[in-house]
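Presented below are the structures under discussion, each in the form of structure tokens.
Look for chain A in each of the two complexes below; its partner is chain B in the first and chain C in the second.
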Partner chain A sequence: MLKNLRSKLSWLAIMVGGFILINVGVLTGVINTFIENALVTVGINIILAVGLNLIIGFSGQFSLGHAGFMAIGAYATAIVTQNMATPLGFYLAMALGVVIAIVAALIVGVPTLRLRGDYLAIATMGAAEIIRVVINNLKITNGPAGMFNIPPLASWPTVYILMCVTTVVIVNFIHSRAGRAVMAIRDDDIAAESIGINPTKWKLAAFVLGAATAAIGGSLHASYLQTIAPSDFGIMNSISLLIIVVLGGVGSMTGTFVAAIVLGIIDTALQNFGTLRMVIYALALILLMVFKPSGLLGRYELSFGRKRRARKEAASS
Partner chain B sequence: MTKQLVIDHVSKVFGGLKAVADVSLTINQGALIALIGPNGAGKTTLFNMLTGESGPTTGKITLSTASGDVDISKKKAYQVAKLGVARTFQNIRLFGAMSVKENVLVARTHLYHEDFLGTVLRLPQFYQREHDVGAAADELLDFFDLTAVADEPTASLPYGTQRRVEIVRAVATKPQLLFLDEPAAGMNPEETADLSRLIARVREHFGITVVLIEHDMSLVMNLAEYIYVLDHGAMIAKGTPQVIQRDPQVIRAYLGGDSDA
Partner chain C sequence: MQTMMQQMINGLSLGSIYALLALGYTMVYGIIKLINFAHGDIYMLGAFWGYYAINYLHFGFVGALLSAMVMASLSGVLIEYLAYRPLRNSPRIAALITAIGVSFFLENGMSFLFGANARNFPQVITTKTYYFFGVGISNVQLLILFTSLVLMVLLQFIIKQTTMGKAMRAVAVDPQAAQLVGINPDHVISFTFALGSALAGAAGVMIGLYYNSIDPLMGMVPGIKAFVAAVVGGIGSVPGAAVGGFLIGLLETGVQAIGLSAYKDAAVYLVLILMLVVLPAGLFGKRQREKV
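Moving on to the complex of A and B:
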């Protein structure tokens, strides 16, 4: 229990510390609007990529449809908050987006999760494309023109807090009965079935939870940027999230954080390079993959409980 | 003796090949039996049918459980496992990235429940459950003499230890019936002797019925009370080890030769 408490307090200190640091930066003017934008983008990317890493890294399902669930959250928020521009409206909208995304994930997941690897990737990509095409053709979503003048109800603290909450939820899910079942299926589905684990049920659970966090990310995206269009949620967006997950290390949440921040820094630093930016960005990715194919952190996770135990063992030996 | 598993005229056909042909046998509660036969005789295919991994083409398999007899021939592997049938695999199938203890914990998934809110909010009942299941896992690891490697990822362990982890993982599901598919494969005589003692201890301590496939005759002959011999998918002999050792049909199946000879 004490070990749990120590670890919990350490994480809380990091989360509060990060918040204070950004707050001081904003108050003293070190973090201007430009940097704040970049930070919020990083935060939203973390929310999205943590959910995707749960699906890809921990449950071992190669999904390329994350942007589709993000779109559901974004549009639900845009439509509801335009009619109810209050913080309450924003959270109701977010909840609605999450619920719709869960339903969509169930509809997509039940038939497709029996597929493996490349086949699943193509099927989820198709599902996300269907979501995008539907949005493109509905009146309520304003078609291909997209929606603008979305009330700005998500500030950087909202994004920061929700980033912490979704990460805690997903990491706690992983370190539990559910997470172990999900990882067992990833490592060997036949063996997992032989010990009484229903593969469909647990794969679906991870997929749905990942989709729900994608909706939260989409909701924040819509409210912070105030304009969205169907083209924001195409296959390239799913792939850029996949890049964060792969770059950080498939199966490492710490890696996802590091990768999202590193890519955010590269992206921001290259703003002045114009078209050369994408070339340098791509080159950085290629080099990283050549020299560190398992991602920046592999499967390493930052953990306070484990470190303490290692230190205790070292002390006792 | 009470019947645990009744296999009634079971066959499995792959395309034109009859891998298992019309096999019937009854396994009594608490028995320790062995299934032997040359390579390709259909032993693993029979195991796969009995554990629900791939159902029989024809025939019926009835398992006696606490809540009555259940036909498991159409059930999925995870459903059969929940009814109290556990197995190990010929080619070790562990969750390599997970630690030894996690391999044991995950085998208990169907024996307890953690609700979503309690899990993500880390409510006291979550810690209680984790503590209980962890204590049960530690006890099992101790029984299998695996405490020292509890936190090691299983992929990094030596072969013999991995075999033992696979058995403890199977036992952790609280089975009534345990199928071991070539548990001594790749082991030296000393490890085989250890394994033989371990299987006997497991059976005695947990009261599990054990069925094993094995090529190592020293293990089979000193462990099994009753032996069934398969060849080309058909059961060619059954009996106690003494009887099987002298059976001319069994000797022919193993050593080859013409049936007219």
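Moving on to the complex of A and C:
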């Protein structure tokens, strides 16, 4: 416990430091509403992409249905907070969204996680589309027009803190026995099964945890933007999350952070280009993939514990 | 009974378009294991070429169809050469993201160059509807069915009877072994892209004629549905893709006919998931045993 204390404190310092930095920026006016908006979008994308990276990078399940679980969280929040516009209502709504997303992930996951690779991707994409079509046709979700005037209960500190919390939970999951089991299944499911790891159970665990974080992301999205529509949660949205994960490096949480921030910057910088923006974005994506197929960081992770160990070894030898 | 027959005919016309697209997906997937997300956009390019060829070059239907097939296969080969070939030995997920990037590029590039709004496709063939026992079938529908069937038979002939087709099947089974017997996989893969894209281009011109409206994003949803059709038929299997396409077309019009048109997309995906769970290899796919 004490051994890791210093690296844990380093992480805490980074989180608090980032918070103070943004706070100073907002107070001095360096961060205006426009930049704050961009930052919050990056934060929400990080929450979603970290969950997706757990599913794709660490448990090796190729999911293309993340936006479906995000939609569940967003709509749960929208419906509950419209009737109960208090912070308590917001957190209750978020919890409700997470629970529904977990149930949906179990329903989707139990039959489909037997599939592999591209088949699983297509099946999860189909499941997410079914969720979207159902939302599109329900009365309570206001159909294709979507919901507006959702009470603004999530400000940037909420997004920032939840981003830190979800990341810490998922990184701890990866570094626990569960995470090692999940990675063993990714590398060789038959070998993992032969040493007593139940592949279905652990794959499902990772999938459900990823879906739960997606619901949290969706919840924040709904509350911050105040308007949502079924078309916000289509295949293209799942794909743009996938792009963050792959661009950063499949199986690298640090990479996910870097990619979300880089894409956020590209997106903001190209804001004035209109249609050309997506053309440049697409070209940048193709070129990055052609010249750096393993993503920006590959499987590299920023780790204070490892650096310290490396220094100690260098000193002792 | 009459409405049912009518829906059958509509479903078959739509299904043959899906089938043509699904053939391209299934061939490319069979040979390099890549979901070519840009395939639906090749179909869009074919439709746009048809639009300009008819309006400005004053081509007839056959001319537009054939030239669109040539243009589409050229763009397919070019895309493969520039975007997919450098990633031949990379992780498959990187190739997939590249395919998505190409798809974004084509959609937005076309929106940027030609505007994003829908336009009317020139009606080179005046629609006439024939009635048999109260069931209407238009000449455009007949043309779509006839052309797709001819193209499918032609494709089956190329794959089964020609040397290039034999090489395609060889590379699909084992690229290394194919190389040992003197097949250049790069040529074969280019040829596969050319064939698949030509079919997509033809489908684009015909859908323009059928629905009378084209826009730069028209390839997205049919592309995904055609992929579903390819999976349902058994990916990598050519007859499977054709049958899958017709099935998806019939299912869609069937769901519409019973008054659930809002749920037609959901029905397609539900069938996909059920299919994958019950019969993961598809209707015509080969089951692969797992080896330890």
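Going forward, the second predicted complex is superposed on the first by the 317 of 317 C-alpha atoms of A that agree within 3 Å, B and C clash if a C-alpha of one lies under 4 Å from a C-alpha of the other, contacts with A are read in each partner's own complex, and residues count from 1 in each chain.
The rule we apply is simple: a contact is a pair of C-beta atoms (placed from the backbone, for glycine too) under 8 Å apart; a residue touches a chain by one contact, two chains touch by 3 or more.
Computed from a predicted model, the values in this text were never measured in an experiment.
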item: Chain touching more of chain A, residue-wise (chain B, chain C); value: C
item: Touched partner set for A:198, first chain B, second chain C, both or neither; value: first
item: Chain B versus chain C as contact partner of A:84, first or second or both or neither; value: neither
item: Touched partner set for A:190, first chain B, second chain C, both or neither; value: both
item: Contacts of A:111 with chain B and chain C, given as first, second, both or neither; value: second
item: Touched partner set for A:172, first chain B, second chain C, both or neither; value: first
item: Residues of chain A contacting chain B in one complex and chain C in the other; value: 190
item: Complex contact set, residues of chain A against chain C; value: 56, 62, 111-112, 114-115, 117-119, 121-123, 125-127, 129-130, 133-134, 136-137, 190, 235, 239, 242-243, 246-247, 250, 275-276, 278-279, 281-283, 285-286, 289-290, 293-295
item: For the chain C and chain A complex, residues of the former touching the latter; value: 29, 33, 35, 83, 86-87, 90-95, 97-98, 100-102, 104-105, 107-109, 111-112, 116, 224, 227-228, 231, 262-263, 265-266, 268-270, 272-273, 276-277, 280, 290, 292
item: In the complex, chain B residues that touch chain A; value: 51, 53, 76-78, 81-82, 86-87, 89, 93-98, 102, 105-107, 109-110, 112-114, 116, 119-122, 126-127, 129-130, 133, 169-170, 172-173
item: In the complex with chain B, residue positions of chain A that touch it; value: 1, 4, 8, 168-169, 172-173, 176-178, 180-181, 183-184, 186-188, 190-199, 251, 299
